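Chain naming follows the written order as A, B, C and D, and within any one chain the residues start at number 1.
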Amino acid sequence: KSEDDGSSAGSGTPASAGAQVVASASSGAATCTIDQYGGTKLDLKTAKVGFSQSEKEANPFRIAETQSIKDEAAKLGITNLTTTNANSQFNKQISDVEQMIDSGVQLLVIAPLNSDGWDSVFAKASAKKVPIITIDRKINATPCKDYLTFIGSDFAEQGKRAADEMAKSLGNKGKVAILLGAPGNNVTTLRTSGFKDEIAKVAPDIKIVFEQTGNFAREDGQKVTEQLLQSNPDINGIYGENDEMALGAITALKGAGKKAGDVKVVSIDGTKGAVQAIVDGWASAVIESNPRFGPLSFATAQKFFGGEPVDQDVIISDRQYGQDNAKADLASAY
Amino acid sequence: MTTQVAARPAVNLKGLSQYGVYLAILLLVLYNIFFTPYFLTWSNLRIQLIQVAPIVIVALGMALVIGTEGIDLSVGSVMALAAALIPLYLGYGVVAAILASLVAGVVVGLINGVLVARVGLQPIVATLALFVGGRGLAVVISEGKLKDVRNPDLIYLGSGDLLGIPVLVWIAAALVVVVAFLVRRTVFGRRLLAIGGNRPATELAGLPVKRVLITVYVLCAVLASIAGLLSVARIQSSDASAVGLLIELSAITAVVVGGTPLTGGKVRVLGTVAGALLMQLVIATMIKHNLQPSTTEMVQAVIILIAVYVARERKTR
Amino acid sequence: MTMTLPVATPEDTRRTDRTDRIVEIVQRQGALAVLVVVVLISFATFPNFRSFDNTATILVAAAPPMLIALGMTFVILTGGIDLSVGSLYVLGGVLAAWASQFGFVTAFAVPLLVCGAIGVANGLLIAYTRMAPFIVTLAALLGARGLMRAISSEGSATFLVQSDAFRRLGNGSFLDIGYQVWLVAGLVVLGIVLLARTRFGHAVYAVGGSEDAAALMGIAVRRTKIWVYVMSGLLAGLAGAINAAKLGSGVTVLGTGMELDAIAAVVIGGTLLTGGAGTIAGTIAGVLLLGVIQNLINQVGNVNSNWQQVISGTFLALVVVAQTYLVKLRRVS
Amino acid sequence: MLEVLDVSKIFPGVRALDRVSFRLAAGEVHALVGENGAGKSTLIKVLTGVYQPDEGELRYQGEKAQFGTPMDAQHAGISTIYQEVNLIPQMSVAHNLFLGREPRNRFGLLDEKRMHHEAREILAGYGVTADVKRQLGTLALGAQQMVALARAVMIDAKVVIMDEPTSSLEPREVETLFGIIRDLHRRGIGIIYVSHRLDELYQICDAVTILRDGRVVHTGKLAELERIKLVSLMLGREMSGSFSAFKESDPEVSDAPPVLRARGLTSRRKLHDISFEVRPGEVVGLGGLLGAGRSETIKAIGGAYPLDSGDVQVDGVDLKKPTTVRAVKAGIAVQPEDRKAEGIIAGLSVRENIALAVLPQLSRFGLVSDAKIDAIVEKYMTRLRIKASGPGQLVGDLSGGNQQKVLLARLLATGPRVLLLDEPTRGIDVGAKAEVQSLIDELAAEGLGVVLVSSDAEELIEGADRVVVLRDGVVVGTLTGAEVTTEDLMATIAAGGNQ
């Protein structure tokens, strides 16, 4: 399962709407040039490009992500693009990437399944001076040395913003339950720590009474919430670390005879289903995590091969949906 | 719950092995009554029953297969296929959708059955193929998209009540009765057990072994597809990549913990239900006490071992 | 398979002794034959497949699964099965990464000790309580995964490999082929000798062939059983360790379904799940076959990930059906 | 040299051995006899460490002994041939012979070459010439039994125990066996010999111990105890003169139209153009040596062995390409040779086993009617005098003879026209044997056609009205009326094809 599991997806949504925007904050930070990294300038159009997807294209986020890479490549006239998919098996992703390096790709775009365990890949890549752009999840290594740059959201920040929304909708007090993502996944870790720290800071009166994994899946989210509602009937808020679990939780709330708004639900992703839930009044807020990495990735690559410096950390600014904008922005959710 | 009037003494031991599961459930319930707030409420019991229903349904089929000394790993993929087909045919109405998913079950069951009975593949491998391919196909069918289900009739199946009891539970109960009846009272059931007991002998005795085996695998797959469509109805959305993930292990565990030996020739239907309930209660207890997955998994391991140890075959032969 | 009655088919009735012998040879090394064919075809079709690097990559990637399948072969030959290897593999990796801070040796010692111990537990339970291997090792699967999560704070903490020597073992190479490939090759050879040329090996076959008979013939059935599960546990742990060395950290998110891959490889290799018959050579072919297929699917490029699974599922079925069919021909003759 | 004192062994429900005492002197051939279920095998398993006695003690070469496992017993010099051939079918002959004590070279690795060489030499002494690299399972049962024997004697044993070693041996092989026994006897090795074939006992045994219901009822010199007495001691009741219960068969059946007609049965390399007929009320014996293809013939008729050509007719109706299902429907009932592996379903009750093949007739709309089942089970349990604690008892817990009867009951329940019996009395005691044999007569008298396979020449001669002699899957002769004698049988078998 993916942390970005979504409901009825629209990979075809116009890139213009909900296109990724670089957060102004990160500009002016450390940069990287082709001289620092090594390698030779070349024209992206004729270059051999490899994209390694981490999980099955079985959910909106992954579908949108892969699609946006392919679309952008086509748009730029990049003919030589290979894509592989690791089906959530980390070892497979490693050998997928190594295999692409063997076959002589000149640019690697990787959506890592895991933040650690990339030593062998880095060894191979740096030997051949293949620039690596990692998207959506960061790799724990040195940018501009092991890999070129990271493009993606700040998951801790997402958790933080979710916490703010939760505090706001609860009036800074109450009991909250967390539906954790898949264990051992750094997205889970960051979205949890970000949320908890912020709650502790802004609303110490909010008690986190319950944390159980819903594996980023709707069914598990529903099951866990059903149990939760039995053992803690007085729960006030539920924080879903992705929309899927939140939607499952909402189904559970309905099943338990709750009314919309009785329990405040906040989640992360920004899929259509979740935004719709805001419109229907079941969810209070949704923090977006934007999957459309194509344009930004290739723009960065072009700058790099053109000899211009590129940021070592391209953090995109994620939108967020609330009562105010949900209806309006529903169309541009993925 | 075997069809045999096993007239063998050492009753106390045998009794224990017969009723070990129920004993375990009793203990767990007692624990919860004392240490888990709000445990002894109808709404809680109701939730547990609803959540266990799909596993029970799958485990019933698994029990039949195991009774023939076989095993079926593909049940999860069958659930996925069923789930994937529902939204496609919901347009033609609930009945059409349900039929479509059942047909998927029949087809997979036929493939498994033929591979096992006619080609002579070992069940675990024969079903491994569909375990791998089936889910892939399901996701292909659903174009990897999770589809919301809004059809009220279908949703009624998943979350509606009948005489104060969830429809889901009624269906599961009905299926339990049917399967129990099948095993105890019908020619098919007797033959199934005999084949599990000694296949060459049943072949020489002129039983339609292949036909029975194929039927068993079809039944198992159909039950799985029922479980699949019910969980769609319950989650009110169809996610082929998620539904029924790893359920084959839960089902096998339920069957074996329920006292059905993997060596075939014996099927305990009620035991299977109890086995599923036991595992459900364990998980529920863990969640209610907000324990970490690591703890849950280790406790599950221990409970499985104890339950199976108590229920194991003591025959020296 | 159980002693099902042979089924005559039109063509095998007209078969002569010579073709029988050929069939037998193909059956013995059926997987190998398929592997050769597949490799030849891919050499012809995919230029990138031909490259030495690619071959090396395939081998390196196949190293951990090979170890696991090696242990699984012994277990299955005794008529058992070991579902816990996937979890032990991950556990071994995490432990190795954690222990590497104390140096090269401990990085191996700790995972081997722990996984070996779990293997012992499996063996003892199966040998002495007559509980089904399937269920015992299923419990071990859960238990080991729980343990792994417990020590990695629910899998969120990833230990980095501290010992450079250990890391070098993962990524260094001799004659441009990774050390781990050599290591695994060595162990496989040991395994072959152990199985074919020692009393233990023959005891393994005997136990799988007929447990009661073996016992009456004075074979130490229980000890044999315990040993195969210990071996399986140790090899799974080792596989985890060398994988950790390669990845440079104890990754917690791998190993799901690993046990089924191993079983598939062994069965594709022509070993009967009922025990008593099979070879390690077959298993090697089985593992490489799965690896090559994977590699090919990538060579084709842009195959939708979901189709990939459909393909491998179908392929699995085809190979095993072919296997069984050849076995049958042998039965009838 | 080997002695048991007041040993008891209790199984759930059964007291298999009840304070049994027994002593074997060096160089003595000691017969151990008793009905099925008397406890012979159990006693042997206690002696060899398979079971631990619940009471009593073992004494071996003077001092108290305690064997935890069969291996201990072997190391102590007690080696055993068990009732069912207990070897590994999938492994090669040589490996079976040496398993656990394979010769090793100086690296501690197995020395296959030497092993094969030695195996060849040893087996030659037992009249087994088969390739030692062959899978044991592909050998005839007789040959397999010889391998087991060789294996047992190989280790320098002080005591050799044989549990019904001849039950699957052909006459020539039996002679070889006796030769070996006499040799062991000369070398002062003690032998315990279990068999249901009395004439064998009198040929080679010195002493005898008789078990009944787990108790010793007699022990002493065999010569001093005449047959009739021995039998009545075994059965605990008087037994009338003849040991074969076959009555002289009535010849006037033979003009009726054949109930079974097999024509040109041919199956790759096992059977070649086998044809014969069975008339109602006729018992046709299939003669021949082990490996002659009798079982295959029977299985082929029953649809359980693939035929390349040839056809089978029941009452003139041709079942085209027989399958087991069609054969049973047509009224053919096969009693397989290997009771355990292909006959009974040990894990099911007597009841289930008997009803198994006729469930459809005993049910309405696929629902079984317990009343009907009970009726039929009751009927056959009484008619065949099946000894069981009740219809609910697991067949696996019955003794050999009763298991055989249950199997016959299942066949009869299908209301067959023809009975194909492969070794129907193998391994069952004189009492049960007599019952089964008279049963065969009764059935024939009722107009059933019977095909009887037996490696017990006497039984074949006594029982059959005609004997069709097979050799290497070919019919080499038919004995009728007066010709049906042991001499003629042996002659025909020996003469082989040339006639």
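Quick note on the criterion: a contact is a pair of C-beta atoms (placed from the backbone, for glycine too) under 8 Å apart; a residue touches a chain by one contact, two chains touch by 3 or more.
Predicted model only: the values in this text are computed from it and were never measured.
> Return the chains shared as contacts by subunit B and subunit C, ordered by label.
Both-contact set = A, D.
> Name the two chains that are joined by the greatest number of C-beta pairs in contact.
B-C
> Using mean CA coordinates as chain centres, what's the subunit B-subunit D distance in Å?
One centre to the other, that is 43 Å.
> Determine the centre-to-centre distance between subunit A and subunit C, using the mean Cα coordinates as centres, and give it in whole Å.
Each chain reduced to its C-alpha mean, subunit A and subunit C end up 35 Å apart.
> When the C-alpha atoms of subunit A and subunit D are each averaged to a single point, how far apart are the two points in Å?
72
> Could you list which residues of subunit C touch at least two other chains?
3, 5, 149, 154, 304, 306, 308-309
> Mind pulling the residue numbers of subunit D that touch at least two other chains?
Those would be 299, 304, 341.
> If you look at subunit A, which of its residues touch at least two other chains?
56-58, 183
> Go through the chains and record each pair that touches.
Inter-chain contacts occur between A-B, A-C, B-C, B-D, C-D.
> Within their complex, state which residues of subunit C touch subunit A.
So the residues of subunit C in touch with subunit A come to 48, 51, 53-54, 57-58, 60-61, 64, 149, 152, 154-156, 158, 160-161, 167, 170-171, 243, 246-249, 251-254, 256-257, 294-295, 298-299, 301-302, 304-306, 308-309.
> In their complex, what parts of subunit C are in touch with subunit D?
3, 5-8, 13, 193, 196-199, 202-203, 205-206, 209-210, 212-220, 276-277, 332-333
> Can you name the residues of subunit D that touch subunit B in the complex?
On the subunit D side, the touching residues are 11-13, 299, 302-304, 324-325, 327-329, 334, 336, 341-349, 351-352, 355-357, 359-360, 363, 366-368, 389-394, 396-397, 410, 414.
> Under the definition above, what is the set of subunit B residues touching subunit D in their complex?
It comes out as residues 3-10, 185-188, 190-191, 193-194, 197-198, 200-208, 265-266, 315-317.
> Applying the document's contact rule, which stretches of subunit D touch subunit C when the two form their complex?
By the definition above, subunit D touches subunit C via 50, 69-71, 74, 80, 82, 86-91, 95, 99-100, 102, 104, 108-110, 112, 151, 267-268, 299, 304-308, 341.
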